[in-house]
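Chain lettering (A, B, C and D) follows the sequence in which the chains are written, and residue indices restart at 1 in each chain.
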Amino acid sequence: MSPQGGLGVAVIGTGKMGADHVRRLHHVISGARVTAVVDIEAERCKALAEEMEGCTAYAEPEAAMAADDVDAVLIASPGPAHEAALLEALGRDLPVLCEKPLTPDAASALRVLEAEQRLGHRRVQVGFMRRYDTEYAKLKRLLDGGELGRALMLHHRHRNPSMPSWFTTEMLINDSVVHEMDVTRWLLDQEITAVTVLKPTPSSLAPEGMSDPQLVLFETESGALVDVEIFGHCGYGYQVWAEAVCERGVVGIGDEHGPRLSADGRWGGRVTPDYIERFEDAYDRQVRAWVDATRRGEVTGPSVWDGYAAAAVCEAGVRAQREGRRVEVELIERPDFYQ
Amino acid sequence: MSPQGGLGVAVIGTGKMGADHVRRLHHVISGARVTAVVDIEAERCKALAEEMEGCTAYAEPEAAMAADDVDAVLIASPGPAHEAALLEALGRDLPVLCEKPLTPDAASALRVLEAEQRLGHRRVQVGFMRRYDTEYAKLKRLLDGGELGRALMLHHRHRNPSMPSWFTTEMLINDSVVHEMDVTRWLLDQEITAVTVLKPTPSSLAPEGMSDPQLVLFETESGALVDVEIFGHCGYGYQVWAEAVCERGVVGIGDEHGPRLSADGRWGGRVTPDYIERFEDAYDRQVRAWVDATRRGEVTGPSVWDGYAAAAVCEAGVRAQREGRRVEVELIERPDFYQ
Amino acid sequence: MSPQGGLGVAVIGTGKMGADHVRRLHHVISGARVTAVVDIEAERCKALAEEMEGCTAYAEPEAAMAADDVDAVLIASPGPAHEAALLEALGRDLPVLCEKPLTPDAASALRVLEAEQRLGHRRVQVGFMRRYDTEYAKLKRLLDGGELGRALMLHHRHRNPSMPSWFTTEMLINDSVVHEMDVTRWLLDQEITAVTVLKPTPSSLAPEGMSDPQLVLFETESGALVDVEIFGHCGYGYQVWAEAVCERGVVGIGDEHGPRLSADGRWGGRVTPDYIERFEDAYDRQVRAWVDATRRGEVTGPSVWDGYAAAAVCEAGVRAQREGRRVEVELIERPDFYQ
Amino acid sequence: MSPQGGLGVAVIGTGKMGADHVRRLHHVISGARVTAVVDIEAERCKALAEEMEGCTAYAEPEAAMAADDVDAVLIASPGPAHEAALLEALGRDLPVLCEKPLTPDAASALRVLEAEQRLGHRRVQVGFMRRYDTEYAKLKRLLDGGELGRALMLHHRHRNPSMPSWFTTEMLINDSVVHEMDVTRWLLDQEITAVTVLKPTPSSLAPEGMSDPQLVLFETESGALVDVEIFGHCGYGYQVWAEAVCERGVVGIGDEHGPRLSADGRWGGRVTPDYIERFEDAYDRQVRAWVDATRRGEVTGPSVWDGYAAAAVCEAGVRAQREGRRVEVELIERPDFYQ
């Protein structure tokens, strides 16, 4: 524990997402303090550290994790840097909240999976924060309640107003649909077994050469069928919907909330402009749950297995997207450790 | 019956409303034909008659009602002309559909009420067409079903984008709120006993000197409390809502339907611009029901009693509006004839 | 014209659908009269004819069409009987409203297509009545308006509470999804080029051996992608939704209307129990439009080409369903006659 | 500051509301710690204190406020005890978050108002937590934005499934409608000048002798008209709606969110059962804002003036309820101190 009380957290990576987590730990979450920030951009990192009493800037994750006042690690660096940081943290037996993706591919995820098993207890939570969204959580409870019978189909909609210029067609799978992959696995409590990607004629408003929108299909172990509309350049806002078609009823979430205005011949409301506004509360709840569990010595959220499975489904998804055919998902058998 | 089959109808008054009924009887309603049109504007009337085979133009209601091919009368002339036309039709024992108001005041409505009772059977239906609107009809069925218990309160909203320049503050009661008066009496199956009119500071977009919007309160025989927001210049469209607060539940109608569009950072739909579009189907259903009932020799819709009661409530409403106080409604005892 | 005025209509087939059309023509639609009813069940047919003045019962379509008081034909017999009745009517140059399907397969539909072309003018309208539904019509207008850009995807939901015991897996395509086929072709104004059918593990509440629900995918000429959830045994009611994903916005129809009730810890409304209630107005509007156009000597609704195209897509759909693969749709080149 | 860092808070009153605040400060809010709990029920108080490290149980507010580790006070005791605790805290210059009502009547509220002015700086925030609800906050921003013009009317709905047996008709004003009083003053940024209470025939499901529901009318300085339906025994859940009728548009909040279920012939969602679930986030945000402001040495939320004004409007409301007439609100002139 850090001397001033509360969990001392090292935040690795202080870009957009990392800086947001620093703000959250510092201002919003009780029981935790940011005691270390790590970034290759030394100036930015130092400036950030100076804003908070008792916080030190580091250039290397290893140095931060070695500090006395660091009790836990939040990894928000770019995906390719995750494996090394995760292995270091596991080597030191430190609790980790790792932003998605766990690692960029299934093989590296598997190495993390093995390291955690060698350690003998769970230490890593993956940042699939939709599980902490109020509406998704209510949907999960309804499905688990069993009154609606088995879920036969899921329909997802995932729309962004636009994407940064460096965003690629593959990233539609790896960075966007990865959320629906995790949500599907979590809601249905089973693995995805195959992926197909269908591409309509692209929108003329999508960047030249980008196939946008797409319809991604998942099949699951129990034979449920899942479709995901992913649209990176819908223009009008950020919209996430999910609908579960069950044997005894259909249940959906994601209708936009907030004030309903009638004016100028129209009624309706505002669409949230981005995921930060739409899922702000979910991010807060995720980090709070991680801090609370960590202080109790537990790990309760999405596991390394979840991170590995998402990586494997992403690999199948990108191949399905590239080759224009159904691709089966290859997973190792689930270790008892993660049952 | 007119020689070509179907009910021969004389339409008295061929202004906006009357011309719309002519179109309806000619094109939409089975079992009826317009055999006579009556208007002081001879040219307009003649031109309209020539559009329809077997239709004659008249200057006077009496002449039209005397024609052999006239089996029934639809009165759509200005309110002050209604009494004479109604008495003439009752004198000839002709079925009548009379646009609201039955007559402009309670005293004249009472004379029509007495004339119909002398005739000994009901012949007159008043044009309170909201009773034929699909949603109001469903609301009525729900309330009559009894599962929700007694209705304790009604909340009404009645908004127009704007009013013609000649529209007066009194007409907000007599021409607009009169619909809520009838709907309230019909939904609750009881009379209105007192009226209060409250006036907030008017909208700066309402005409100089017009008190708009207003909140009109009704009390009913059973002690139910009813509030009506009447807003003549809301600017954005025509909106009619109703909500019944019952002992075991609350039920509302009037949310706007139709396509739901997400675009430009907003979600929602279109507000209908006027009552003609909003209640088009209700007008059709009203006239169809009148034609069908007339052919069976029956009168099924809103009665002269309903027209008289509305006139009496309007009189109380205008006094309440003028004098800024609660005004009790004075009604004669309901004759057995109208039980 | 029949002596009493109005279009004399022979209704072929007086089962559930036919009897409903008889009622509609007799009570609801102006300008038409049922002068002939045809059914192999002589007793039922005779009883029905006797209810209406001037209506005769026939055992054979030919005899009815030969009668002097028959000006037009409404075909509501089982699909396999359609071809003969259509050819007979075309031979007599009689206007026809033919319930869907035009004929049960593409080859027979092609024979009707050729017969109408030989006749030299359009005489047949196919009963795709969703085109007359208020909401679909508004959706069509929005898409045609062009402000939303090109439609990239359509998502359809088509749910029934349950199906009759004799309903087969193939009929999910031929009798249910056929509506989405026509609506897709009409909304996008282009042909469907390929069909794929995906089958999740069936609901345990669907009949043994029936694959229900299914996800049917269409590709269109312009490369739009269309998915249809067809669910025959959803249990809770009849629900039809459509959502168009366009370049500049997303627009959907089909949210349930009517009174919104808050009671017993829940808010919401009633789901219509069947297509008859949901699309009652569309059926009325369809027949009214057909009667009006016929009296003007025109044909305005879905053509024989639309019926043929639907039959061809259905054939591809059933093969895709059976063989578990994508099947291309084979269409003859569209004749100038149907441009 | 308490030795372990963070604001040391004494919670006065550990009943339902107080215990919930203890949980919130201990588990949810960063930067604060419960260092003292005060209650006359010594056992309950002691047990609660023992659950938290560094927390002491007291029998008297004075003793708690005198403790070294108490930096701020949260008052959640019954209303009649508020004045003494507030004066004690002001005497010690301690920041206070005081649950509503500030005090039970206007005269005592005025004494607190004077005490704070004598102190010379603001120290007290009143617990009108609806100002911290996401939807109300968005509504406030829309109204303040000015694009909709002036607000002409507000319509409020405030429904509870049922009330405890000791709940009186007066408490409908003092404990329930008091929220709409504050929200109205805050949204419109002006005082309420008169109150009228109208009573329909009570629901047969309300307790014998209780007039429930009621319609409460407010008039404001600018002449806006506000109606509040207060219903203590609606049976089906907790519902709070607000609708602002403005010159250029109407905007409403409060439609229920969350999963939308279609099953058993109905579509819709769940109504929250109570204010704790409905406003959980608002309570969190309120206390977080108070802690943050207190640590910065500021007071930002509803002031003693707001508490006094609410008490004065409540007094007028209860008189209006009792005497069946419009009652004007009497307020002292607003001191510069609270401008």
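Here is the rule we go by: a residue touches a chain if its C-beta (ideal position, glycine included) is under 8 Å from a C-beta of that chain, and two chains touch if they have at least 3 such contacts.
These are the chains along with the protein names UniProt gives them: A, B, C, D = Inositol 2-dehydrogenase.
None of the values given here were measured: they were computed from a predicted structure.
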{"item": "Chain located farthest away, centre of subunit D (Inositol 2-dehydrogenase) as origin (C-alpha)", "value": "C"}
{"item": "Distance from subunit D (Inositol 2-dehydrogenase) to subunit B (Inositol 2-dehydrogenase) - Cα centre to Cα centre, in angstrom", "value": "45"}
{"item": "Centre-to-centre distance between subunit C (Inositol 2-dehydrogenase) and subunit B (Inositol 2-dehydrogenase) (centres being mean Cα positions), rounded to whole Å", "value": "37"}
{"item": "For subunit C (Inositol 2-dehydrogenase) paired with subunit D (Inositol 2-dehydrogenase), centre-to-centre distance based on mean C-alpha positions, whole Å", "value": "58"}
{"item": "Subunit A (Inositol 2-dehydrogenase): positions in contact with at least two other chains", "value": "234-236, 239, 248-250, 260-264"}
{"item": "Pairwise touch network: line, ring, star, complete, or other", "value": "complete"}
{"item": "Touching residues on subunit D (Inositol 2-dehydrogenase), where the partner in the complex is subunit A (Inositol 2-dehydrogenase)", "value": "4-6, 26-32, 134-135, 138-139, 142, 148, 248-253, 255, 257-264, 281, 288, 292"}
{"item": "Touching residues (chain side subunit C (Inositol 2-dehydrogenase), partner subunit A (Inositol 2-dehydrogenase)) in the complex", "value": "149-150, 152-153, 155, 159, 198-205, 213, 215, 217, 219, 222-225, 227, 229, 231, 234-236, 239, 245, 247-250"}
{"item": "Residue ranges of subunit B (Inositol 2-dehydrogenase) touching subunit A (Inositol 2-dehydrogenase) (in the complex, touch as defined)", "value": "234-237, 239, 256, 260-271, 273"}
